[in-house]
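Just below is one structure, and these are the notes that go with it.
Labels run A, B, C, D and E following the written order; every chain starts at residue 1.
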């Protein structure tokens, strides 16, 4: 009972916040709305902590809280419960969601307080939290799908939050439509799983997975997991469906931090981890996931090298980091994937909020060419951003180092891994170090290129406090999952995360027989290259600011190609969207106008004619109507009596 | 069954009243005067006026009376059985359900007061 | 109504007596009112006819009877005549349901060569087990006679007066009905006889499993429901169109309310109706809140024992017991009636908007509050 | 000798007949009268008729549900009367007329 | 003739004739007063059926509240006897009267035909003698609680709606 209460508090308090703000949004001032929303998120976070404690108090084998609120639907053999399951895997997720969520709510109170739609904004934000929690906690695919769609909706609403700007509205639309493609695949995958297993419940599915892997490409499970993965590429912005995420930066910056960096976009990773026995059963899919993940990591990072918009850089960085996560889960390193998910949630939320702080200070200016030298104006933002930067480029001992390094190592070493995958990851890491340093350099260091009429200033405490908290988390969260090489070196530090997750995730089989030397070499190589690349970037953008321009002159074609994001958007436009639009237009003309419309006109003409005949019956006189009732009654009674 | 008694006394009272009225009408002396039979309006000649304006408040009062009267009637069975419910351990449940009802009632009353349906001027 | 001729006859006679009791109370009350008002206003009042002017009422009655019969030209004749008769019915019906004293048991006896009895006769018109609901229902019929009179007279003023009077009656009926919810809850019954029976003895009640008793306070409803009693009594003033709520009669505005066109005996019938309502109200007050016919500190059994020593056990003792209790009841009634009269000559009249405001916005919420409070205390006390 | 049982032995059917007759009277009122308020009154009559049969069934089948239903019906009827009369008042204020013929604006 | 039967027949005659008067009297006020009479008669019928509490409620709600409202409204409208109280029309009039008569015949026929099957064979004697109102209360607050609360909301809505209606300026239609 108390579990039920806790979980309902956890899930419902954002919903209640949404209702309060949503139903009365016109009357609320931004501060009241923000207070309500933040309180809702904080209550949710508190109950998440309580649930976490409950879970810790349980014996290790039985760390599960399952509650079933009601039976949602029963159709033939399909029985869906509105059930929620808390276990070590998603308790981490809910802590991240509600914790980072609360911080971002807090940040938003200050960030949005000039906006007239602030109450609406907070309502959406709370609704998002609610849906995300449903997604994460649902004990079956359908409940998860409800949350999945719900977060998509909120993402759409929030990207298009400033819908009066048609570009931003279009960005929201793009995100929504792209996600629909993924969602369709997700649904297909769900159907295939249901056909194979006869249930949608995660635990039942995971228990029913056959022991031996399937190597066939056409087996229903391979297809099903592939479809699920395509669904995940939609939500988590992977090749080929990543195109929406950079455009999603049209939304308010805290939204980008919460939805498009820390939580929603990781839903795909979470889903795969949740179903990890099933995915392990289909190595083909895993291979696809790993390749896609690696390619995305490199490709997005390379685009990130050339972008000028601070949020776009971060967005491509997010896509790239998500690629890492997929690379991790693709090689079977689920713990590492989740670990990176967590650290990424911290440092990327931190960097987005930091960029929000910068944008706020620069009066809505996002172009890094017009920044520079902000270090002295915004010390706190700079310092926290610095920590985020150190984390993301994988500088030991910051959190990103541990998670990224574990992924790289396992992509090399795991039975599903391959040196080529490691190479992809390493290249990505080098690029990451370069473009993040470039971002730091152009924004905070070097000479100021700030226009004369803008006077940057440090953000208020309400905005810096979340930054500081997140900075602390980004700095130290890595010690939760110390790789065992380093752990051994430092005196048998345990990998807390892996142990905690042992209920959900089986360890990689050949982890014990790892070659320590190889591991250390690989680690040093990637860190070393990353540092060199960072130093190069520092050299190029701080010391010799004219160098990059010369360099791009030389490789102009390549630069343009990359700068325009490999023309992927244009390719999609030409190959998919335009043909689709043309076909739809011709269908509209031939089928809709010429056939269906005409048919409905005929039908309506017939009905009109009949109606004008019958209309005389409806003469508006109540007594005539009563007479019809009486006659009907007489007829019915006669029928009953005579029968 | 008290119905017989009720019928008896009703008929008795009606008959009694009628007899008295009849008696009074026979005993009184009558003097004819056309002015006397005119409608009494404080002594001035009757002003025949169509459409006497009568405030809509009267029906409002009557309509509200019906509604609230029923709500009160609903409390009667509750009041008689409340003690039994308490003794059988369902007191709180019945109490809360009645409080919900009363809450709705109070909301209605509050609305009427707020919308000035009960203002007389 | 009874199983044999004797019982039916006695019951019928009893009903007639109850009615006559009400009718004869009217001249007495009129006299009391006139003398009382004179006393309050430092005058003499009627003192010429008979001792203390007591025969004045008889003279008035005769005068009423010999008044000229008259129907206004615009009147609707049937309604004009039916209204005063209809005014009598609700008060009578309600009054007959109120227990006036202890039941009288008659032993078996011989008459006309036949054994009759034994019987038990109730000292009331008839017993109804949903007494309160019945009384409320019957007295809500009073609005008809007012409306019939007002419309039947064919006079704008009387119609206006009738509408105002009936609006007032129905407005206060809400507070009245709501104020006794607490009473019903306390006694757990609609039956008036049971209510009186529960008020015998000294104050004692259950609270959180303890029984609390008082040595000298009678177990009357007033001690449990003071607010309810206050609202109930105030509402009955409005119900019986008495001052300070006699807006229908507001002489300055509406000449004399719905009975402008009435005179002579028809007016007297309205009077009987109005005083009948007063009687019913006082009797209900006594029944709900002051122990009915019960004598404080003295139980029925003690009175019976005393009566047996005076006239010997059996029918006559039972009759004497009934009489004693009836006297007590009459005394209680008289006190309330005197309060009615006293208030009439003490307080000024409300304005109509004040009247409605008081009914809807003050008494109704307070009665509601009383109900909620009673139920909360009840819930706490009994669980 | 005429069998007088039908007059002296009152049973369920008697009450049902009474109810049916009142119902039909009310229905005739609804169909035939032109005054909107009289129509409303006829509807009340029909509801009362139905209430009689509810109570009769309640008594003769020994179930309290019938009385509960009557209680509910009364409530609904009162609510209906309140709204109906409010409508009538509004329409009267507009047209100075309560003839049902004037309420024909809903014709098709 | 036993008292029960006497009461029944007496009350039926009163009720039915008052009901007929409602429909047949052309003066709406007399119709309303007859309806009040019918209501009182129905209350008495309830008493013969041992439904004491309902009889009281019938008196309070119908006779005391609803009919007072009707009478008040009629008096305010000051409607005298109507010249054309009944609706006209040969075909529809015939249809109406015919259907009403048919309906009456059919209902009575149905009652007669089904008189044996209405209650089953063994008629239990009701024990709602003394405690009827309490039984009603107990049922109302356990099994029919939802209906009770729903009615509370309905009444509130009606209170708001009726007042808003009665105070409105009289619709959007043009005057005819």
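One rule holds for everything that comes next: contacts are C-beta pairs under 8 Å (C-beta built on N, C-alpha and C of every residue); 3 or more make two chains touch, one makes a residue touch a chain.
Source: prediction; values computed, not measured.
Enquirer: Chains shared as neighbours by chain A and chain E?
Expert: Under the touch definition, chain A and chain E have D as mutual neighbours.
Enquirer: Centre to centre, using CA atoms, which chain is the farthest one from chain E?
Expert: For chain E, the chain whose C-alpha mean is farthest off is A.
Enquirer: Count the C-beta contact pairs for D-E and for B-D, then tell me which is higher.
Expert: D-E
Enquirer: Among the chains here, which has the CA centroid at the largest distance from chain B's centroid?
Expert: The chain farthest from chain B, judged by C-alpha centres, is A.
Enquirer: Find the geometric centre of each of chain B and chain E from their Cα atoms only, then give the gap between the two centres in Å, rounded to an integer.
Expert: 18
Enquirer: Please work out the Cα centroid separation of chain B and chain C, and write it as a whole number of Å.
Expert: Their C-alpha centroids are separated by 17 Å.
Enquirer: If you average the CA atoms of chain C and of chain E, how far apart do the two points sit, in angstrom?
Expert: 30
Enquirer: From the C-alpha centre of chain A to that of chain B, how far is it in Å?
Expert: The answer is 67 Å.
Enquirer: Check each residue of chain D and list the ones that touch at least two other chains.
Expert: 27, 31-32, 74-75, 78-79, 81-82, 85-86, 89, 93, 100-101, 105 - these are the residues of chain D that touch more than one other chain.
Enquirer: Could you list which residues of chain C touch at least two other chains?
Expert: 1, 128, 133, 159, 163, 170, 173, 177, 190
Enquirer: Using the touch definition from the top, which residues of chain A touch two or more other chains?
Expert: Counting only residues that touch two or more other chains, chain A contributes 623, 627, 630.
Enquirer: Which pairs of chains touch each other?
Expert: A-D, A-E, B-C, B-D, B-E, C-E, D-E
Enquirer: Can you tell me which positions in chain E touch chain D when the two form their complex?
Expert: Interface residues on the chain E side: 1-2, 4-5, 8-9, 12, 15-16, 19-20, 22-23, 28, 31-32, 35, 38-39, 42, 45-46, 49-51, 53-54, 57-58, 61-62, 65-66, 69-70, 73-74, 77, 79, 82, 84-87, 93, 96-97, 99-100, 103-104, 107-108, 111-112, 115, 118-119, 123-128, 132, 135-136, 139-140, 144, 147, 151, 154-155, 158-159, 161-163, 165-166, 168-171, 173, 175-176.
Enquirer: Show me the residue ranges of chain D that touch chain B in the complex, using the header's touch definition.
Expert: These residues of chain D touch chain B: 74-75, 78-79, 81-82, 85-86, 89, 93, 96.
Enquirer: Chain A touches which residues of chain E in the complex?
Expert: Touch residues, chain E against chain A: 87, 92, 95-96, 99-100, 102-103, 106-107, 109-110, 113.
Enquirer: Considering only the defined contacts, which chain D positions touch chain E in the complex?
Expert: Residue positions touching the partner: 7-10, 12-18, 20-29, 31-35, 37-38, 40-42, 44-45, 48, 51-52, 55-62, 64-65, 67-68, 70-72, 74-79, 81-83, 85-95, 98, 100-102, 105.
Enquirer: Touching chain D in the complex: which residues of chain A?
Expert: 611, 615, 617-623, 626-627, 630
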